[in-house]
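One structure below.
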Amino acid sequence: MSTDRYQKGMDKLKELTVADANSPTGHMEVGESFKDIAPDLTKLVVEFAFGDIYARPGLDNKQKVLTTISALVAQGTPQIGMHVITGLNVGLTADEIAGCIMHLIPYVGFPRALNALKVAQEVFAEQGVSVTPQD
Amino acid sequence: MSTDRYQKGMDKLKELTVADANSPTGHMEVGESFKDIAPDLTKLVVEFAFGDIYARPGLDNKQKVLTTISALVAQGTPQIGMHVITGLNVGLTADEIAGCIMHLIPYVGFPRALNALKVAQEVFAEQGVSVTPQD
Amino acid sequence: MSTDRYQKGMDKLKELTVADANSPTGHMEVGESFKDIAPDLTKLVVEFAFGDIYARPGLDNKQKVLTTISALVAQGTPQIGMHVITGLNVGLTADEIAGCIMHLIPYVGFPRALNALKVAQEVFAEQGVSVTPQD
Amino acid sequence: MSTDRYQKGMDKLKELTVADANSPTGHMEVGESFKDIAPDLTKLVVEFAFGDIYARPGLDNKQKVLTTISALVAQGTPQIGMHVITGLNVGLTADEIAGCIMHLIPYVGFPRALNALKVAQEVFAEQGVSVTPQD
Amino acid sequence: MSTDRYQKGMDKLKELTVADANSPTGHMEVGESFKDIAPDLTKLVVEFAFGDIYARPGLDNKQKVLTTISALVAQGTPQIGMHVITGLNVGLTADEIAGCIMHLIPYVGFPRALNALKVAQEVFAEQGVSVTPQD
Amino acid sequence: MSTDRYQKGMDKLKELTVADANSPTGHMEVGESFKDIAPDLTKLVVEFAFGDIYARPGLDNKQKVLTTISALVAQGTPQIGMHVITGLNVGLTADEIAGCIMHLIPYVGFPRALNALKVAQEVFAEQGVSVTPQD
């Protein structure tokens, strides 16, 4: 049932994620850890968030990840880290990701921006990327 | 005092806004209407939000506006309309702006996305732009 | 394409909404007014929010509407009114709906509860229902 | 029943509100308009918010109103105007109230601060108070 | 002073909570750990949240807990776990609680729903309850 | 460049913070830990948040810290602890700080207030201050 949307979602996920021999969805947690209490969650995430929404035309992948990160910074939800990895994987630079968080200071305030910078900083260190020094 | 940052902010504002013979800051409301109760507000907005933040390297103008709109959609604050105009002015298409709001549905939920689409729809109509029909 | 989920969503919508000869989705706005800027929105709302989520087992319709209203009260989003109509339609009483909003005062504070009561009060008046007087 | 707390709340309300021959709670809306759907709301507001909380020791009235306004600015809830009147009534100056909202810019961002300034500006005009001009 | 409301609140708490020989309020934290800095907090929680609000007519206990959990999911506040235990104790099933969180995805987005599922999953494991497998 | 605002910000910080031989900004984290990914952050915090905003006339330091803490309680952001220390340093008592958080219960709900009380309680213990017992 709904094989097409699921396959479309999985194809999109492959574009977005770091290949990982141990997981068909790469670095992205798409609800597999909730199989016991929400057995349909992964299907909903893959089909809706990736097959329907992420696969929409209109924005390219880099724009989609920037948009996602910006909303999570404003909400203060902790999923930012996972999407920072996705951003690096689709070609956003560390400068663009840090620049996005810094850009949001006037709109969301320093506290939410600082919380997000801390998460980004940890991901950058893990992934071995760095921001270009300014003179 | 601090002429450089103010000028830098005004220059950035000129890049971002629709020229308007009646206002040095174009379509953008930067706090002039609060002169009576917050006489330093315009200076703070121009110098900080535009001179310091919008003029930072890292993201281009189109990315900065997408980032701004995304955060406002997540917050549910009504300034979205003004930034949609800015987006059109720096070259974002109606498809990209509507695409950004649609992309946020899985992250912020339908209610906040629908509220933002309504604002964008009104701005698109006023500005005479439209989204490419899908077949 | 995806006829089954769309049909399932429309069937669920019929259960939930007040029949209206002029609209296949009754009193419920499911994105039709955004056809020009988000032509796929109605399909996404019907298929995902109604076909996938509202049609899930686990909760009955009355519980689902209470749950929805509670989240919207906490968010402060203005869609509450539409869901109050849905609640009355699936058999929630005005006492239950007002009771739900009053119950949330200790969790969300008086301001958000009062904003929601105002919306509920208007819908109750329009729909001709009333809360049982207390002695 | 619970006469003491109700009386204590009403006494506190009298301290806080502008006397108004037509209303025992002055300019303050304490839920009387919801008698039909939430007949116990006014009692809960008067007893809890005013009798229990506003009458606590620890802060003086001016501090309590500043604290209230600051939280409402951060939430973006529209009750700010009513509390700005209360603030003026207990002796906060327009400078202090505008200063409070301006002070919050780095913590909540410009959009929420501007929304609040607009409400304060309207109340100041209605109440005939003004902010001291800066040179 | 105010013995009736306190007693009413304690009676309600007994209905809602898992009996625990070591605590008169069972599994529910009602502010006792803040006696040193807010000596009146427990009294306010018991009297207001339980004696006034939880003891209101209008909704049954299962509806009240669903309503509470839904608001906390939308807010993203970490008290969800405590209320999930309360839900199980008043007769909500794990299916209903997980179903409530899943139902909120279209309204609050995946991130807040996933955060809540994680808390519910931990509580279900501790309490030895499970969601009915779907075929 | 902009030496005056930076110096003004540093002077304000000295007023607000506990002297610390190891750090020019005392107990206050003003973004130094993000030098690698946001090299201009400390400058922006010192110049804007302290030089421009904290140094504004209108409110005294005690009012400014109360205002800040109130907004952070409403947002639920974890920076509260740092500002509680600042509050004690500028002369707010533990009674005033705990009183501020308790005062916000009717506006933001118990969950956000309890989260903030926990942070304040930890800071009070570290700083060796206590709330006056009530009889």
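Letters A, B, C, D, E and F mark the chains as written, and numbering starts fresh at 1 in each.
The working rule: contacts are C-beta pairs under 8 Å (C-beta built on N, C-alpha and C of every residue); 3 or more make two chains touch, one makes a residue touch a chain.
Since this is a predicted model, take the numbers as computed values, not measurements.
Taking the definition of touch as given, a chain qualifies here only if it contacts chain B and chain E alike; those chains are A, C, D, F.
Where chain B touches chain F, over half of the residue numbers in use are shared by the two copies, so each contributes mostly the same positions. Using mean Cα coordinates as chain centres, the one most removed from chain C is F.
Among the pairs A-E and D-E, the greater number of C-beta contacts is found at A-E. If you average the Cα atoms of chain D and of chain F, the two centres end up 23 Å apart.
Spacing of chain A relative to chain C, judged by their CA centroids, is 30 angstrom. Averaged C-alpha coordinates put the centre of chain C at 41 Å from the centre of chain F.
Touching two or more other chains at once are residues 40, 44, 48-49, 53, 56, 72, 75-76, 98, 102, 105-111, 134 of chain F.
Taken together, the touching pairs cover every possible pairing of the chains.
Taken in their complex, chain D has these residues touching chain F: 48-49, 53-54, 56-59, 63-64, 66-68, 70-75, 95-96, 98-100, 102-108, 134. On chain A, the positions that touch chain D within their shared complex are 105-111. Those residues of chain A that touch chain E in the complex are listed here as 31, 34, 36-41, 44-45, 49, 72, 75-79.
Residues 76, 94, 98, 101-102, 105, 109-112, 114-115, 117-118, 120-121, 124, 130-131, 133-134 of chain D are the ones touching chain B in the complex.
Put simply, chain E touches chain D in their complex at residues 1-2, 4-5, 40, 44, 48, 52-53, 56.
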